[in-house]
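Read the structure below first, then the notes.
Chain IDs A, B, C and D follow the sequence of writing; residue 1 opens each chain.
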Amino acid sequence: MAGEIKASRAMPVVNARIYPRGGLDVLSREEVARLKDASHGGMHDLLRRCALAVLTSGSASDDPRAAQELYPDFDIQVLQQDRGVRIELVNAPAMAFVDGEIIRGIAELLFAVVRDLAYTAIELGEDAVDLETTSGITDAVFGLLRNARILQPADPNLVVCWGGHSINRDEYDYTKLVGYELGLRGFDICTGCGPGAMKGPMKGANVAHAKQRRYQSRYIGITEPGIIAAESPNPIVNHLVIMPDIEKRLEAFVRLGHGIIVFPGGVGTAEEILYLLGLMLREENADLPFPLILTGPTASAPYFEQIDRFLRLTLGEAATSRYEIIISDPEKVARRMAEGVKRVREHRLAQQDSFYFNWSLEIPLEFQQPFVPTHEAMAALDLHHGRKPHQLAADLRRAFSGIVAGNVKEDGMRRVEEFGPFQIHGDTDMMQALDALLRAFVEQRRMKISGQYRPCYEVLA
Amino acid sequence: MAGEIKASRAMPVVNARIYPRGGLDVLSREEVARLKDASHGGMHDLLRRCALAVLTSGSASDDPRAAQELYPDFDIQVLQQDRGVRIELVNAPAMAFVDGEIIRGIAELLFAVVRDLAYTAIELGEDAVDLETTSGITDAVFGLLRNARILQPADPNLVVCWGGHSINRDEYDYTKLVGYELGLRGFDICTGCGPGAMKGPMKGANVAHAKQRRYQSRYIGITEPGIIAAESPNPIVNHLVIMPDIEKRLEAFVRLGHGIIVFPGGVGTAEEILYLLGLMLREENADLPFPLILTGPTASAPYFEQIDRFLRLTLGEAATSRYEIIISDPEKVARRMAEGVKRVREHRLAQQDSFYFNWSLEIPLEFQQPFVPTHEAMAALDLHHGRKPHQLAADLRRAFSGIVAGNVKEDGMRRVEEFGPFQIHGDTDMMQALDALLRAFVEQRRMKISGQYRPCYEVLA
Amino acid sequence: MAGEIKASRAMPVVNARIYPRGGLDVLSREEVARLKDASHGGMHDLLRRCALAVLTSGSASDDPRAAQELYPDFDIQVLQQDRGVRIELVNAPAMAFVDGEIIRGIAELLFAVVRDLAYTAIELGEDAVDLETTSGITDAVFGLLRNARILQPADPNLVVCWGGHSINRDEYDYTKLVGYELGLRGFDICTGCGPGAMKGPMKGANVAHAKQRRYQSRYIGITEPGIIAAESPNPIVNHLVIMPDIEKRLEAFVRLGHGIIVFPGGVGTAEEILYLLGLMLREENADLPFPLILTGPTASAPYFEQIDRFLRLTLGEAATSRYEIIISDPEKVARRMAEGVKRVREHRLAQQDSFYFNWSLEIPLEFQQPFVPTHEAMAALDLHHGRKPHQLAADLRRAFSGIVAGNVKEDGMRRVEEFGPFQIHGDTDMMQALDALLRAFVEQRRMKISGQYRPCYEVLA
Amino acid sequence: MAGEIKASRAMPVVNARIYPRGGLDVLSREEVARLKDASHGGMHDLLRRCALAVLTSGSASDDPRAAQELYPDFDIQVLQQDRGVRIELVNAPAMAFVDGEIIRGIAELLFAVVRDLAYTAIELGEDAVDLETTSGITDAVFGLLRNARILQPADPNLVVCWGGHSINRDEYDYTKLVGYELGLRGFDICTGCGPGAMKGPMKGANVAHAKQRRYQSRYIGITEPGIIAAESPNPIVNHLVIMPDIEKRLEAFVRLGHGIIVFPGGVGTAEEILYLLGLMLREENADLPFPLILTGPTASAPYFEQIDRFLRLTLGEAATSRYEIIISDPEKVARRMAEGVKRVREHRLAQQDSFYFNWSLEIPLEFQQPFVPTHEAMAALDLHHGRKPHQLAADLRRAFSGIVAGNVKEDGMRRVEEFGPFQIHGDTDMMQALDALLRAFVEQRRMKISGQYRPCYEVLA
């Protein structure tokens, strides 16, 4: 793995050859050939961006564009040789290396990138699997997670933490405290793998795991190609998975996690809450235990009150029975989660369901199919009272998903630049509540901000 | 895994439910369904026979028919439940259990049986892969071995031992001594997994590994459906693989092993020697290091002299450069093997070939395609001087393979009963040598014997 | 650890330098100096003999004198160097080496020899500890075992097996079957570490442990300087302890073991039975669970009937409540032992006593003090009815101990040669029973035999 | 380990029973009795204070007095029971517990406290060892470290970091960066185990070790009874050792460490530098490689310049050859250390010296004997030019040691309160330099400060 340090513009860079381990080390000659082909073809640009995100993991800046601009000459090639695969890095960030050797954890994340993109390109490619049915999509999610060696038979202990990537210091410290209390009780952490509320719980849990002498802990980061560049894996992540799209990423969260904690966040977090509640409100899932806790420091109480009001207004009072709001009490959060996960464990045993994958959770096709936020699709969302809560939740989820895209994703931003803000239609009270919620996100600086925020949407009653 | 002991005729039997681990524990719902279907369909009888062989592993009797007759009511079902697969055993041999719990090693072998038969039925089934080309077949062998977790990146140290399953005490003790010397030098052992020369080297190596405090040793048994019932895995085997047919089993041996030792044996052993020499004599493999040692105690010297003469006569003097005969010197065998494997290691490094699978070895289709020993096929073998050595070796290999089938395999025995002995044609000297060799096997009681041996073949000049 | 092979007389020998590990690798400079001094002084001859026994472990011959005669020029030196200890072997048996490297397990046994002899010489030397009181002696036994890293907190699972070193094939195979059944149930084995009944149970357990995939099993051999040369550690022993004398060896057995199985044996075995029953019959130990099973194949039934009669006659009917005789049923032996050890576990938990050392067992000084079998001491034994059973057992134990010495130990044999047979006095019926027992041992060839056996004792009513 | 939470005054407290592991779990009955006695006698108050420091490890406040005042009713008892030792905690800080269970890492530190205080009281007690000779003291240090299981044969990789416990944020962040670079290169860290420069390097190394997937790292904290209360172990420490006094603590540092890094600090740090240079300047140690690097951020450059000037003035120019000053370059620090430790490794190999204990380092008695800073002893220090550098260094070390005591240790503070400031005599230039150095420490707030600092010393030319 020896490398050679060079200077490319301002930033020090390294060229290196790396020989993968952990799943990429025992490939057939044909698999190697297909992997090589895929990495040269359509997958190459994606591979390059994801690899760069991983190689700059832990850098001071969280701005993904910065990485692209700082290392313009970076390239990655997957090459074949008789004994298997070789990865060639050209003009790679020197920060990922020590004395010319790549840092082992970074190398593992890099192998994960190649592994998951290759799996998606080769195993989930056209004709290979049925991605038009509920069970076909769930099998694809299962297959990718198993190939990533995330599915291990073990007692339920995985808490998924959601929340914003740009939260304030007070909130960030709070996520660390919650992670610490979870870690003391033996929980592993799974997040979207970026900074902010995706990093704090891992950091707190890491300290607690060390104090409890728990050395084999899992810090799972689940991302997708559109978001990894913006939310580069934080340095604590030791299992990285790249799902093909945002819907499969959401499914991975709810099939893997034994409980979910939501910290303050922005539109993306609202999308995640609506996704989960949409599922929880289906009759088929009514008896399924699934602890869901919304929590933050005292100063965040108004935030959750607003979310709570919005959920009551849109999904009805019944929705509130599926979550609990706890303000400024990390220990209580951890204790309640422990109780909830105990119920999950008992339920799985009674149902003879696996611990590592929540097969029993019913996820209808409308929550699985990728939503492409065109102006037409956004305008077609049906946000009116009288619909079944889970259907309304599905459309609200899509609305937030579209706004995330308009804010931070390349495709979405380009569309908004070209055609103006998305137009979202619905009942007046719902539209007002939505608008108020979004404005609050802006005021609280929870939306992506560079300069003045110009909304990418218009809410029309 | 609790069971309940019952008495079925004379032999004590047990009913039990077993939940698989090690590869069968993380399956998708669809895979579970396919596995269940396969095990109920055409695979069921095969599964039942293989499972019984494994459950009676280590019994005093090595007669596979005995097992079938002793446990006539034995049955195995693979059932589905949400969390995965359940194996139901009915009227299973009590000897595989301790106080109602299945012995852990036996359970592992049982999972291996289900795993490999399922892989063959599902992954290698019709349309799934290309089994008509050299590379397709090699990929199938690779896939099955990888799925069996046999392929691990590690330094070359796997010695394949071939030889008869009914050798005399003197020869058996010698195989143990050779195994002991190999084990002292850190070699793992791979055999056909039955008794005799397939057990002795493992037993000796096991003692040596214990003395060297080597606790993670591999004792790999590679078998195939037609032979497992006749050569039930000996109790030392801790990795069992069931290849789909005899040709893929032979390919597995030569792609996995870093060197091969041949002890005295019968027709099956002769088949193996001709298979390997046939490959070695191809120009494409001329530069490939592959240590091959023929060895036995002093009393076995005439046996090897006869083999040697036969090989010189049929394949020519050049063949002798690819093997070494060592008589009554276990330590020398081990030292020579160590030297040879060192050369293999250096060659793989130089070629950047993998350590765990011998990709560079050229195996032509004629050595890969299953040979079905009908009377027509046997009569069509072309055993004449003037052919290329590797072609002649291929046909000689088939001749021995047919005789093995006529001796011990159900299909072959039935054919011989119906149509009389196979007729084998060839040049006079070659046919005389072949006949002499086969008669010697009979005299030395190396052929399967119950009562008087009636040859299943006629040699015609 | 490289060595150089030379030939000394007939047997191949090796010179080698070895650097110890496992307890001998972190010594202070002063400890190294003391160890060096001890190994040069009075301890040297003992060290040489014990080391030779270990280096010839597993040889075909079990005759210790043979080893001394075969390797007359063997020597061992413990040398000091800054970083610690170096062991120099001169003219050492080549069988302990592979290609010039010492076999790792043999090296471990060798370090154990140095470790225990050094501990005895340095830590238990004059003035260092109080060896005149019951608690002082028990502390010495504890200290030596702890230093040998034998004491580990773990669930009770250690079965001590006693029995003769020269038993017949039928009996030997039976000890293997019992060991196999014990091993299947997760028991570790502790014996006197020689051949025969000390090897069989380990061998059987070893096979069972492999089948149960139990890789960290303990095969503990406990010996003493007077006996190691005659009962060289069998090759399965992976923990060797050399206690200073026969009484501390017996105490080590009963403090470490969670249950004891007695196979057929000779005078030494009788000594062990009397030692244990003498303890069990004390009121202080009346409530202490301690499973004791006497067992052998069908042909051995008369042997145990005779032992049983002798115990009833001498120690009274009450003694029979402390042992169970099981004939020809290895599985029952293992199941009964499992039940007994379960009771031991519960008792230790209830008493908050440690699992690894039986502190609660009361061992009076008369069982702890070394018995030197002079003619005076033997004549002074008080073998009469009317004494308390445990006192009588103590003297009977001494009588057998003296006969063992007269048979096989250098001191004892010299005394008998010089002064004639020991004279043992006692009540007529007891003396007749003793004589009958001893004659039976002779007839059954359980006494050490080279040529005609000449009794080293006379029984006088 | 279940506990019961109660409220004592303001702070939540817990009562708990704990059963030790890791060295305290296999004790003889006599050892248990001696341990119990010691913990009830003179050792009890010390035990109570040290235990409290450990139980409040990681608390926000670093003020040890605070702990004493916050938990006035805390008590600890070591009790005997048959199976070993039980620790009873009364009114213990609830922060050390999770849901009534003590945090595992805290429990380990607690066992370490009991282990080391017991070893000191029992094994190093009067008459037990010779603490009047150089070799006797070194053996005591060795014995205590071995008993603490710190001495492990492994490649040299232990870097000792010295520096102040109250450094500024800039300096603290720098120590983390240096620790990070050391951790990336596989170094373990040993410090005085408190906050500031004793915590930062561990914290940085911890992050780096996680990135390098290095799970068995050692974070060793070495303290002594007078300082532990003031410098409670930081939460990363996973090996805690309590040496009996400051001189043995210093000896432990230099015998264990393979290199030393000094960050900015106060009088204590100056004491440590002088101790080490005093040793390095002895002829006997002239050829001993021992990397010593003084480093800090750019703002700390003047600090090191002043130290450098003082060392040149007092010990002469030759002293500067034994250390290197690196400003604001963490990577260079780590690279230079790696080079230095490589030389240490080669030297040890060449000398056949152990890797885990620096036996070759000559430490004369004057550096080993405890210095009790009475006014007489302080006045008697001989701080004049013309003395041998190592002798002068010894007295300068004592001068700083006395000032530390006058500043923060109970005995020293009481003496200064009663008799006024210590008077230190010496050559004018040396006294001026000393005074300037100490004043600078005050100005830079490196001396312990509550309110206005009143010097505990007067420098007299």
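FYI, a contact is a pair of C-beta atoms (placed from the backbone, for glycine too) under 8 Å apart; a residue touches a chain by one contact, two chains touch by 3 or more.
What you see is a predicted model, and the numbers here were worked out from it, not measured in a lab.
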Most remote chain, CA-based centroid, reference being chain A: C
Centroid spacing, where centroids are CA-atom means, of chain A and chain B in whole angstrom: 48
Chain B-chain C separation of Cα centroids, rounded to whole Å: 44
Computed distance of Cα centres, chain D from chain B, in Å: 64
Chain contact graph, described as a line, ring, star, complete graph or other shape: ring
Contact footprint of chain D on chain C as seen in their complex: 21, 25-26, 28-30, 81-84, 135, 139, 142-143, 146, 151-153, 348, 351-356, 359-360
Residue ranges of chain D touching chain A (in the complex, touch as defined): 58, 98-99, 103-106, 108, 184-185, 206-207, 210-216, 235-236, 238, 335
